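The following pair of complexes shares a single chain, chain A, combined with chain B in the former and chain C in the latter.
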Partner chain A sequence: MTDQVQAHNAPSTPRTAVVIGGNRIPFARTGGAYAYASNQDMLIAALDGLIARFGLQGERMGEVAAGAVLKHTRDFNLTREAVLGSALSPETPAYDLQQACATGLETVVGLSNKIKLGQIDSGIAGGVDSASDAPIAVSEGLRRVLLDLGRAKTTQQKIRILATLRPRDLSPSVPGTGEPRTGLSMGEHQAITTAAWKITREEQDQLAYQSHHNLAAAYERGFFEDLVTGYRGLVKDANLRPDTSVEKLATLKPVFGKDLETPATMTAGNSTPLTDGAAVVLLGSEEYAAAHNLPMLANIVDAEAAAVDFVSGEEGLLMAPVHAMPRLLARNGFTFDDFDFFEIHEAFAGTVLASLAAWEDEDYCKRVLGLDGALGSIDRSKLNVNGSSLAAGHPFAATGGRIVASLAKTLSEKGGRGLISVCAAGGQGVVAILEARN
Partner chain B sequence: MTDRYIDLVNTPLPGKLAKALGLPRPSVLRRFTPGEPVATQPILVTGSGAGADALAEVILGWDVEVRRHVLPGEKLSAAVVVLDAAESPADLSAPLLELGQAVKLLVPGGRVVGISRSAEDTTDPARAAARQGIDGALRSVAHELRGGATANGIILRGEATTTDPSTIGTLRFFLSGKSAYVDGQFIEVLALPEESVSELAASTAAEGEGIPDRPLAGRTAVVTGAARGIGARIAEILARDGAHVIAVDVPAAGEQLAQVANRVGGTALQLDITAPDAGTRILEHVGERHGTLDIVVHNAGITRDKLLANMDAARWDSVIAVNISSQLRMNEQFLGSPVFSSSGRIISLASTSGIAGNRGQSNYAASKAGVMGMVRAQAEAFDGGARTINAVAPGFIETDMTAKIPAVRRQVARRLSSLQQGGLPVDVAETIAFLASDAAAGVNGQVVRVCGQNLVGA
Partner chain C sequence: MSGGGSAGTPTQELERVPGLPGLYRKALTLAVRRRIGRAGTPSQLPDARHAVRGVTADPTELTRFQQLLHSTARDLLPSAYLHTLAFPVAMSVLARSDFPLPLLGMVHLSNEVHQARQVRSSERLDVVAWAEDLRPHAAGTQVDLVTEISAAGERVWTGRSVYLARGVRLGAGAEAEQRQSSDRPAFSPPTPTGIWRLDAGIGRRYAAVSGDWNPIHLSAPTAKALGMKGAIAHGMYLAARMVDQAVPAPSGALDWRIDFLSPVLLPGRVTTSFTRTRDDGDGSSGAGRTDVVGWSAKRRRPHFTGWVRSGQDAGGSAQNG
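Moving on, here comes the complex of A and B:
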């Protein structure tokens, strides 16, 4: 009887999940300011900055979800350990999530869904990555020998096992950004896509310039004062070059796609560098925000994930968001014209430009996406208005939190609707819709 | 930052050596710990008249032994000299000579507190001479005291009496360890309007008898420059006293600011106080999160020292912009907003450099003297209401800033006060917390020096 009553009381329509605010540490270039900071150190710093901004000391949050792409085995419980190291109540539960570069956005989607369902009232979503403090593993040969040694009982057995060790087994195995199934690096994959869509060097450099210009302007007007907290002496993103120009970017030598038949166009300037950093977002129900006198920046409307077959070469590695987008828009009855801000993660300038080209291509949209015609074009003046990964850098799992918090603040200031697109390794991608509150 | 000489001179052998050589022998000061007793030994209340009698009654109510005369050989925690009825200089003789006997009996960290009326409130020359005379005598006693003891004065303005809430509140501050580094100072106390007295009594009763452990409970306080040093300590002490603290500092200090906010259970607000809308943004933040802004501590300040002959516009202008112009602009925004409490408190950081001047600090001294001018003028405007504004002028305080002074000069600067040592950030913070509390409701437009009676700027 009691259960039935409770079932009737459960909300029949989902609640609204809102973005209350965010915090990140400035992103550092690999080997820079955070060379000796661990993922846990950085995630704690990002959490503590958020806790300080919103007075959450000692609070038991509904849940904290975060993750890292490059992760040590000792960090098996990274997010929970970070919670324990933070000023939050130790009674706050946490879980780790990993979806490559979409990790951060996916934690926002997961926690906002729990909030909408009434399972939790508040949550902190985010991610962290360190390319400086990357895990280095022993070789597969050495690893087997060590495990066998542990199981050996007699000295004779041990000597026999050690005798199987070969000099090549002693070199460590360092993680790379290569795709396990193709052996190609992400940059080489993108180079194929960039060439296929005939994206020019000039277009890519122009996009990179715009990213730096927009990010610098956002810092200049104080946009990040309540989004970023300094860490280890760094106050702004170390990768930001406010004085860069299209001319300067044009002088850089290509680094990816040099083996292709077409001219190589991707440089260190129009590709994101390896980066260290962490970002978190405070989410809650409207009731939670109101009860705690906290701001409500934007509603989290909906999200969609997609994956593509890049292994066969049928689709580009980073083109999954292109597939997710029409599904998300159709479900919500929107077209690109219904949006005022677009946040397309700049893994490479070519990724953004290839996505835009694909959505504008009638033949592709019909043939590959199964649409009636082109999905539409995006007004460049609405794209990444406060800069994106080319300027800020891209600590893989931290990017989603950076984008969600920045877009939510933009919507709270300017109103309207915003669309997020994040590509990820493994041929995956996540897209999401945020909406201003009025 | 630590004063090793104090540690050294307070050990047996080096202590004797210092005495033999006539070197300064600073004491370890008695500082406040929550729950400390008002006094461990009897308190002497000298002076004749109704004011002295009434005050002795009040002190008796604190569960403290009160003496009206010195008993030979009996140690005293404090001597309170009540001279509010002095009519001519001749009236000072008996009570001050008795005080002379009492100071020999003071325990280490003992207190002398004078209570008198303002020379400015009389036109009678003899009465004014008596009142002004007390000032000189007490300052001299402060110079003479040793063992970490201090002498300070309360000056009753207008109709204020020896038992007014603010007189008692100020006396309690002087008697406590909170005033450890306040020496040779006078705080003027005003009679409160009837309605605020009953309001105060009600709030005090609600918190329990006597001075509540958390005198700032339920208050929201903004502290600028809170990321480190004195500002961080102010945030901690206000939070200890029950206030919710909004710690403000520039984004460049964000990491330390967040640590301070998390330590005190407050919130961190990153902004540049020289921005034209800084005050408005603070009000928005407080309005949204807390509703009312009760306490503002203008602590943020910078130094850009140069002899005036070598001064450039950048150095001069930045010091003025941060240290005084920003405060003027923010105060205007606070006072024009319904978010700022009708009994709001503003406490501004001045400096003894602003009182006496300091070589190489013409810009800094201008800004800090400016703070005192601003406080006095604003206090006039507040007169008759429940809002107050006061300034605290630190002398030599052991901070990262003074740690940069060359070693020999630093040692000399430390010893140039009656207490023969530098103060600590907590000493400044305690004085500010007192001025923010109900106990200081009748204290308005004052500049309280926290300088150990520094010879400079006295």
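Moving on, here comes the complex of A and C:
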């Protein structure tokens, strides 16, 4: 393929960036169908399906952006390597991005901004994560010794360095889900927030039930037929329990928040399990989609990131989207009433319910968010209508791609406007607006 | 030499910072000699200050300290590291043969530090330390150990540590001030914001970076020999983590205090609560106060309480002159 110099100048006013389509592999429970697949394998599997669906073989895309949260050091160029392993033109540039669980959504935001600015005409955004094939590092002590050994010049120096090795240095270091600055796991953090907002066990189980019910119904009516490509024998998300019930969920033992003064309410049923999977989204300008005879599912309108001070306990770890939301709405002149679909990532049922409660709380909205009153309520019938992470699972960086593709398709079918909210480790969060084209 | 306190107190200049293991050995010998009646026990504090000039931090040691404490390896000395640099000078006062309380087995009750500005790791520091205010306590006798650190004649750091010699009664009338400590209110844990998981080796590793090889921190047998239930975490390890977590990027003055309520047995988990209050004068200073509690969730018992206050440069900066 030859380089073609673009004839047009970069537009002075931003143009429209559209979601053309998406593809993901079914999400597997950790240690399941993808136990031995690497992040690169899964990302390529998701890309392969997208390329086949939209006839992108040999195409030089504007850019591919993706990322993984649990990443091996050898995967320093994960996305570019995935491009080279795919049927896309090897002249397609790529970059890695990492913003914990917001990685996938942020790649969509980044590439759509480039499209809006006229820097690229097309792009593929996405993410992948494997909790099964997680990197294991040598201990900090052994790592130091090995690095010092490499720098040592004489045998005497080497012996002296080896002598500092301790037996405990030989046990490996496995990545955890703990926040480095607090030592609390994400679930323990959420348990504090869940308790602070007095979210009941029943509400959480009800939300988890609804997620399974909605995801199962979406599979049932073939909603995912052009959004999911089977991989390694899986054709549906392995975590999905179509026959679960509120009664069954109520039998599970609490796993987080057991050290708190309040009763523990968070179980394996109303928290997302560790999952493996990958998801990608095809983005383009209207001109690109039209020229390639591709569908346009929805416009990417705007996005906002926020971060909160969870280290000092001022705010809950996963409450950043709560802060981003009013800023995004105000900038675009919208209220919750202007939206027909809400995609709030279910890291934990408690995260979604605490967010909803916060936006409905007048005092909190005034005092913490600096608003004139409560931000508003969200109609539950518009929430996660095709299921979310509690049912599908949550391979960290893949979740954004799953949500954007599902919401864009829903908007293309039903019309209207959709709002996305994704919380992330480190007290961060990203929210975004998508809009139907008709 | 800068430094407050009464005039006329003799200052004893030490050539260099003494080694703590040597001080502990000296203290042990003294304890044995007192036990067998070969050495007397004075009833008053020695009227002396110990000083060392030109103390500097070793960059490698500093990096080890910072990394063990989960703190950023900046070219600034953590407030608790200034304590560590000066600590042996203070300990040398306690190890004097005319010091009335037994150094070994003394309990660290609290620390309060006033730091005027941040100190660069390359600065040459002068340290002076003395003991004052020997007084009765419900459980024995307590004493303040005061340490001042100066750079180029300007005082940059003042620390006051309170120690308790359990069961030691000095002089008549000491019992008169005894209070019952049972009226301490029941502890109700605040909402946690974090957890410190301390493994069995943390006492040895902190000893290696701080030089404080007090046997009560090293292993269960050495700690039990000194009357502890097992090895306990260094108070200054807890203080250092508290200060660093409360103010990860200090830029000016830094004041803090920690009160030790019960020892942290190793290995162990300390649940922590950090509560930040901003004192927004004009909102631009970044100044504020963080209150901290560390406790055992299992035993529902507080290990320590403390606060950290950060503010703008309280003097000594070029702008302030």
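What we mean here is this: the second predicted complex is superposed on the first by the 428 of 438 C-alpha atoms of A that agree within 3 Å, B and C clash if a C-alpha of one lies under 4 Å from a C-alpha of the other, contacts with A are read in each partner's own complex, and residues count from 1 in each chain.
Keep this in mind: a contact is a pair of C-beta atoms (placed from the backbone, for glycine too) under 8 Å apart; a residue touches a chain by one contact, two chains touch by 3 or more.
What you see is a predicted model; the values in this text were computed from it and never measured.
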Does the chain A-based superposition show chain B and chain C clashing or fitting?
fit
Could you say whether A:243 touches chain B, chain C, both of them, or neither, answering first, second, both or neither?
neither
Considering only the touch criterion stated at the top, classify A:363 as touching first (chain B), second (chain C), both, or neither.
neither
Touching partner for A:58 - first (chain B), second (chain C), both, neither:
first
Between chain B and chain C, whom does A:259 touch in the aligned arrangement: first, second, both, or neither?
second
When both partners are placed on the shared chain, which of chain B and chain C touches more of chain A
B
So if I put the vertex at the Cα centre of chain A, how wide is the angle out to the Cα centres of chain B and chain C? Nearest 10 degrees is fine.
150
Check the residue A:229 against both partner chains and state whether it touches chain B (first), chain C (second), both, or neither.
first
Chain B versus chain C as contact partner of A:372, first or second or both or neither
neither
Identify the partner contact of A:337: answer first if only chain B is touched, second if only chain C is, both if each is, neither if none is.
neither
Least Cα-Cα separation in the three-chain superposition, chain B to chain C, whole Å, stands at 45
For the complex, which residues does chain A have touching chain C?
168, 179-184, 188, 192, 196, 259-261, 309-314
Enumerate the contact residues on chain B facing chain A in the complex.
244, 247, 251-255, 257-259, 261-262, 265-272, 275, 288-291
Help me check something: in the complex, which residues belonging to chain A touch chain B?
45, 48-49, 51-55, 57-58, 87, 222, 224-226, 228-232, 235, 293-295
Chain C to chain A touching residues, read off their complex
70, 188-189, 191-197, 201, 245-246, 271, 273-276, 290, 297
